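Take a look at the structures listed below.
Two complexes come next, and they have one chain in common, subunit A, joined by subunit B in the first and subunit C in the second.
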Partner chain A sequence: MLQYIVKRILIFLPTLLVISFLAFGLSQCTPGDPVEETMAVGEKGFISREAYDRNYRQLAHQMGLDRPVFYLSLSALAYPDTLHRIVRKDQRENLLKLIAHYGNWEQISTYYNQIQELDRQLTKLPDSLKMLNRVRSELLLLNLNDKDRSIQTKLDSIDHFLQQDALLNARIGGEVDQLKRSYSQIKSQQTPWKLKVPVIHWYGLQNQYHFWISNFLKGDFGVSYRDKQPVANQLKTAIPLTLMINGLAIFFAYLIAVPIGVYSAKYKDRAFDRITLVLLFMLHSLPVFWIATMLIAFFSTPEYGFDWFPTYGLGNLPDSAPFWQRFWETAYHLVLPIFSLTYGAIAFLSRQMRGGLINILGLDYIRTARAKGVNEHQVIWKHGFRNALFPIITLFASVLPAAISGSVVIEVIFSIPGMGKTTVDAINAQDWPVIYTILMIASVMTVLGILIADLLYALADPRVKFNKQ
Partner chain B sequence: MDKLLEVSGLKTWFHTDQDIVKAVDDISFDLFRGETLGIVGESGSGKSVTALSIMGLITQPPGEIMGGAIKLRTGEDEYLDLIPLSAKKMVALRGNRLGMVFQEPMSSLNPVFRCGHQVQEAILIHRPQEKSSAKKLVLELFDKVHLPDPERIYRAYPHQLSGGQKQRVMIAMALSCQPDILIADEPTTALDVTVQKTILNLMSDLKKQFSGSIIFITHDLGVIAEIADRVLVMHKGKIVEQGSVEDIFLRPQHSYTKGLLACRPPLDFRLKRLPVVSDFLNRDQSDENIEDVAQKQLSLKISSEEHEKRLQTLASNPLLLKVTDLSVWFPGKKDFWGNIQSHIKAVDEVSFELRKGETLGLVGESGCGKTTLGRAILRLQAARSGRVEYEGQNILELSNKEMKALRKEMQIIFQDPFAALNPRLMIGNALMEPIAIHHPGENSKRCKEKAIELLETVGLETDHFYRYPHQFSGGQRQRICIARALAVNPRFIVCDESVSALDVSVQAQILNLLMDLRENHQLTYIFISHDLSVVKLMSDRILVMDQGKIVESGPADDIYKNPKDPYTKKLIAAIPKNIFEK
Partner chain C sequence: MGTEVATKKVTNAYWETVWTSFRKNKPALWSWRILKLLIFLAIFSNFIANEKPIYCKIDGKAYFPVLMDYGLKSYPQFFDTDWLAPNPAFEDSIMPLIPYSYSTRDKTSRNYVGPFDEQQVRRTRYRHWLGTDQLGRDIAAGMISGLRTALIIGVLAMSIAGFIGIILGSLAGYYGDNYLRISRFRFVLLLLGLTLGLFFGFFSRSYILSESEYFLGQILIGLCITVAVVLLFNFLGGLFERLSFFNKKTSVPVDMLTMRLIEIINAIPGLLLLLSIVALIKNKSIFNVMAVIGLISWTTIARFVRAELLRIRNLEYIEAARALGYSEMRIIFRHALPNALTPVLITLAFGIANAILLEAFLSFLGFGVDPSQVTWGSMLSEARGNFKAWWIMIFPGLAIFVTVTIFNLIGEGLSDALNPRLRR
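Moving on to the complex of A and B:
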């Protein structure tokens, strides 16, 4: 048994690792600049460019974004292993495109450094120079262009502006000529073969993935783009709510479905079985959003005479209220959502239970049990039930992640601030850190659910350990 | 003598969607204290339903007891009719006064409970007592049924025991409350012959100590002869004959009984073909000279000179198949990391030769590797090493394309005709498929003609072409499988337990068909079976396999008469001998 458990866990760990790679890989493909998204609104636009650059650098460093992406990288010889030091995402991507065109990093880096150097010089010059700002904006655009024609246009217009401003020309004319030379060198000294030679770089532990996963394990899931608060704060309130609602729903679903399934199997094809079949099938085929809306319409408005339950939320008694008062208040609010979550599962689970038990009751060992004089009650609950439990246990693997990621529809309809609602809101706001955190948690729960189901299975069926050893 | 049970006019019918199946139709018999009553009959004859009716285990619906009485003796001249008894009272009798052992020991024990617990449960239900004393009883019972190390078996789960051990646990369970009547429904059918032998020995031992009576149900006349005092012969839900075991075997009255006795392959001499039940049933009943069973068999005997001649002609035939050092291994134990630690050598360096027109018998118990060997020869199972030369060509080295071309030379007929046919494919299409594959140019009309021809060859009718497998009986399906194998005009056929799943009377028909086909189509067979009597009837030479190795080989008659290897001796000794023959 111990060996079986150890083995399961050994399979469990690498799976988690792969999941984390996937989630991290996806987060790398996200559009938008994470540093910029994280910056507080006040830090943009209204401050000087120097301050902005400084802030940007600081924040990127805090977020670990000035590190290489992963422990190692596989790329072409043309790409330098120090590119990650260029923290501005838009500039970095532009350089990548240039390398892809020409394959000569030496020349490209000279060119890039000259642009930055020129930019620094320009900031030191007095604003009174009339063409300064025009030249500067053209120069900055060079950072974002990789097509030969557009670069050429930009360089030409810088020339054009300089001719109109002799003072400025005297200050930076030499540097601009140098820049133009560097650019023509890029074009004349192409090394496209370097793009075809594969190279593996090893970066060590100082990388973004390592930074991200170790923070994740510490419970630091990053900062939400939307409210600039740590993601953990949002989840801290959402997870317990969803766990409670879904936990209760699952509990009630099993509590009601298992006996219904057992008795339909016992009275197969009799009135009880037929009637529950029809009723449950009807319920099962009604969509959740419709039922939930109808419940709100009929049971929470006085127009129909059944103003029995509240429409949304979980009540707002202060934490200082007595426990039982808060308990009843919450329970009162939960009746409709939990019913909506439960009815579909009851139909599904009881059919599973019924089918499983009917199969089992036709087997030889059930006949043996009858032949030795076991009464019908014991035949079903002792000899049949435990064997029929296996498929129900398997279902548990899919139930656990659902319990964490929540039921989007129900939480939205009843305005319960659980995981489901958090997910929807995050998606609508393109709040990527929250989305990836939920993705990670849901995947881990899925794998954990499978692990627990495996262990329960081994506990219920003595043959499992034996066969899989 | 004490009458323990009196069954009169019992009718158990099953209601299906189409009609009513009269599984047991008006049968009457008595069971006396201390006797062993054998019920013999083929599948569907109603023998198991009779047993289940007595136990009150007929599932309702679809089953229903339509009439009659089952009277159990409860005291001096007091009898209790079990049929109208309430479910509650019946539960108190089951396992208490009536014990039952079933056919399938593999699936008859609940997999999630320990064996000891399952036997103990029966004791605690009917004889409430302390658990510790019940456990003591269980251990005594396990000892009584000769289970080794009762303490270990008590704690073991069913999947940790062998088939024979499980059946012993079942017997212990049935005997746990000293029932008056022990019903054993085919208790040895699913077991190997040698295991069957030990279980039968156990039952005869128990019979002597046991104060009650045994109802022993089987399809195997050899087993009945060994164990029963009195025999009922059932056919189509009716008892056609009953009498003492000597009467049934030596002086059978009903022609069905005679047919049943005659269609078993004899062990002492060779037959041209087996007598079949219809030979007797279709005979005019009023005919005074109803042929004697032994006479009927003798009339079909092949003289030893004739057989000698056949063997000589065969010896001069060219070699068809030569197998050299063929090994097939399966992964065995694995270590913690899933690396294979050891192998199960299913076939272990086997070598033999097969001449054209010859039939080679392959016998051995389940798990000895005979099926794997058969499949490896046809390359249906990858071999680990060795050579299989078919007319000088090593087929293990052929490309898939070359192998496909050769497939029409060699075919296989499987054990289970129910599983071997696609239930959604019309018989005609099933037969036309191999023709179309191996003769791509053939037009569909010609294919159809050929398929109908095949149906006639195997004794089926033209209009069977349009039917589906479920509309046929087991014997008919096996005929279809044979026709499908013949469709590509093969020269070499592997018959893998091809008659093992069939009733003895159907088995005789199929064996006759295979012998006729051998004659008419010059076929070469490898005939695989666990049943030595069948193998001996069919084969010219026999290989005996044990644990992947060939332990003995030689002409069929020699192997049977002078076995040399101890395993062969054990195998032959385990065949239930019909004590009344010779």
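Moving on to the complex of A and C:
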């Protein structure tokens, strides 16, 4: 038994690993610059560019973003393995594009370094030079352009500005000429063949994925873009709420579905069975978000005369209110959401229960029991039901992910601040760290649920082969 | 010649039996009939709900303004026409059944006019039978064009899912864990080929991929390059295998790998995965959305096909095919797979229902296809803005419900008809 448990857990580890790759990979595809998004608003405006650059570097280092992305990378020979040291995401991406055009990193890096050097020189010059700021803004734009024509235009306009400002020209004219020369070198010394030669780089443990997953395991999920607070703060209330709602919904679903299933198996093909079958089938096909919207409209607004339930949220009694009062308030708010979550699962579960029990009632030992005169009630509840119940318990594994998915829409419609609503709000605010943390946590919870169901099944049914090949 | 006729007769007889038992299931039969009607409505939706007349006559000349929607013919004289206003130039005209399209904004019926409210329309013919929304768009017209979106999404998403599911499922089921034996040398070559293929297909083309407008097309090209490189290496492997030195065999656990993959995908709550992928897509065309839906919903199909092929693999006729020296691919895809496709039909029917639901859900949350495309989900989400307008709530929801139920019932009917053993 212990061996079986260990084995099951070992099988789930690679699953979790792949899911973490997926979540991390998706988070790499997000638009926007994570460092900039994380910076507090005060750090962005009204500070000098040097201070901004310093802050940027510091924050990127804190977030582990100055590291390579993964343990290893597959790229072309033209790309250097040290590109991650260029911290600014926009500049890095621009360099990638330049390399994709010309394939000669040496020339491109000279060019890039000259731009940075020139920029540094410009900051030291006095502001009194009249063309200084215009030259500078053109220079900064060079960092973000990769197309030949636009780079050429920028270089030409820098030339143009320098001609109008002899003082400035005297200071940096030589460097600008050098810059132009190195740009034309990029174009003249292209090595496009380097783009076609694959290379695998190995980076070791100092990489972003490793940083992210080890922080994740420690419970540090990063910082939300929206409120600049740790993501964990948002999830601390959301996860228990979602778990509670789903737990209650699944509990009620089993509570109602199991007797329905048993009775329709008992009265198979009679009126009760036929009617429940049709009803449950229709329930199963009713879209949750439709029913929930209608429930809100008809039963929680005075519009149609049935203003019985509260519309949104969980009630806002202060924490100081007596426990039972808060309990009833919350329960009152949860009636509609839990109903909407439950009915779909009821249909599914009771159909399975019915099918399983019918199968078992056709077996020989049931006939034997009937033949020796055991009354029908005992046949069904004592002999049949027990054996039919186990497979239903394991269905928990497939009900749970469905319930978590389903609760997304319920939480949004009823404004319950659980995981689903947090996700949708985060998507609307493009708050990526929150989205992928929730994706990871929900997957981990589902995997754990499946694991528990597996173990329960193995406990309940000794015939499960522990060392299945 | 003779055998051909015989097989044809046999297949016909098989499908005749299936059809007869399918017909006996009244709900399924009626769903099938309604589905045919819905497909008809979806195909001809422009002729059913449109503000342009199907046919009109001006100065004795016949025009078909509806065709302008298809770009078949352009009539310059209609460019500035306000279709809602009565046009005195028409000597004769035939209007579609619903004289509005969903993009028409009826200025006189703005701000949620209900079906039973007094409507300021020219004639009873122009009534909004199912009401209007805030912008004065006709709900009935929206239902008709939403039907088209829903069916396209359902069918295309499931074809993608079916394609992936059938290929992976059949390979997993046929080869199992022990039957795909290739030499270690070829295995290494294939891995190398896959790496190189991915490199040339995607990594070295990353610039084109990120800049191109046709992202999906570029991905397809990348996949083609990858497959081509892998096939090339497979061919090389075949050449080298003739030398006995490279010929030590090892088995590849295809089944285990596929099942693990399915387990992984099933372990992620589907809607959350869908949401977090869709959130990344900038251009939410109908094709991108259904591609994502297809990519995460192939697992059921793969499981069914695998189970069938596990059974079929051990049948005698497959052994006979092997004895005849047919290639493995030919046995799988020409002899084994056709007999495993019946359960796929069942899962396809349920899958279409599910895909329609998923899309409606996405649109309901506002993450679905872009707003120019009408979907039932986005119509339904409008109802949350105004609970008074019950017609926006009831009708699109009902449409989703009916369509989903129809596909579910057809799936039920098929599974009864195709597996007589299961019928109780």
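We adopt the following convention: the second predicted complex is superposed on the first by the 413 of 469 C-alpha atoms of A that agree within 3 Å, B and C clash if a C-alpha of one lies under 4 Å from a C-alpha of the other, contacts with A are read in each partner's own complex, and residues count from 1 in each chain.
Throughout what follows, contacts are C-beta pairs under 8 Å (C-beta built on N, C-alpha and C of every residue); 3 or more make two chains touch, one makes a residue touch a chain.
Since the model is a prediction, treat every value here as computed from it, not as a measurement.
Engineer: Scan A:375 for contacts with subunit B and subunit C and give back first, second, both or neither.
Structural biologist: First partner only.
Engineer: On subunit A, which partner's contacts cover more residues, subunit B's or subunit C's?
Structural biologist: C
Engineer: Looking at the overlay, what does A:321 touch: subunit B (first), subunit C (second), both, or neither?
Structural biologist: neither
Engineer: Just checking: does A:450 make contact with subunit B only, subunit C only, both, or neither of them? Give me first, second, both or neither.
Structural biologist: A:450 contacts subunit C only, not subunit B.
Engineer: Let me test your reading of the model: by the given contact rule, A:1 touches which partner, first (subunit B), second (subunit C), both or neither?
Structural biologist: A:1: touches no partner chain.
Engineer: Based on the superposed arrangement, let me know which partner A:460 touches: subunit B (first), subunit C (second), both, or neither?
Structural biologist: first
Engineer: According to the stated criteria, A:205 is in contact with first (subunit B), second (subunit C), both, or neither; which is it?
Structural biologist: Neither: A:205 stays clear of subunit B and subunit C.
Engineer: One more residue to check, A:387. First (subunit B), second (subunit C), both or neither?
Structural biologist: After superposition on chain A, A:387 lies in contact with subunit B alone.
Engineer: Let me test your reading of the model: by the given contact rule, A:363 touches which partner, first (subunit B), second (subunit C), both or neither?
Structural biologist: first
Engineer: Mind pulling up the subunit B residues that touch subunit A in the complex?
Structural biologist: 55, 57, 87-88, 91-96, 99-100, 102, 104, 107-113, 121-122, 125-126, 157, 159-160, 170, 173-174, 176, 334, 336
Engineer: For the complex, give me every residue of subunit A touching subunit B.
Structural biologist: My answer: residues 3, 7, 363-365, 367-376, 383, 386-387, 460-463, 466, 469.
Engineer: So in the complex, the part of subunit C that touches subunit A is made up of which residues?
Structural biologist: Of all residues in subunit C, those touching subunit A are 195-196, 198-200, 203-204, 206-207, 260, 263-264, 266-273, 275-277, 279-280, 282, 353, 357, 360-361, 364-367, 377, 380, 383-384, 387-388, 390, 393-394, 397, 400-401, 404-405, 408-409, 412, 424.
Engineer: Show which residues of subunit A lie in contact with subunit C when the two form their complex.
Structural biologist: Those residues of subunit A that touch subunit C are 14-15, 18-19, 22, 26, 29-31, 74-76, 96-97, 100-101, 195-196, 198, 268, 281-282, 284-287, 289-290, 293-294, 296-297, 301, 303-304, 358, 401, 404-406, 408-409, 412-413, 420, 423-424, 427-428, 430, 435-436, 438-439, 442-443, 446-447, 450.
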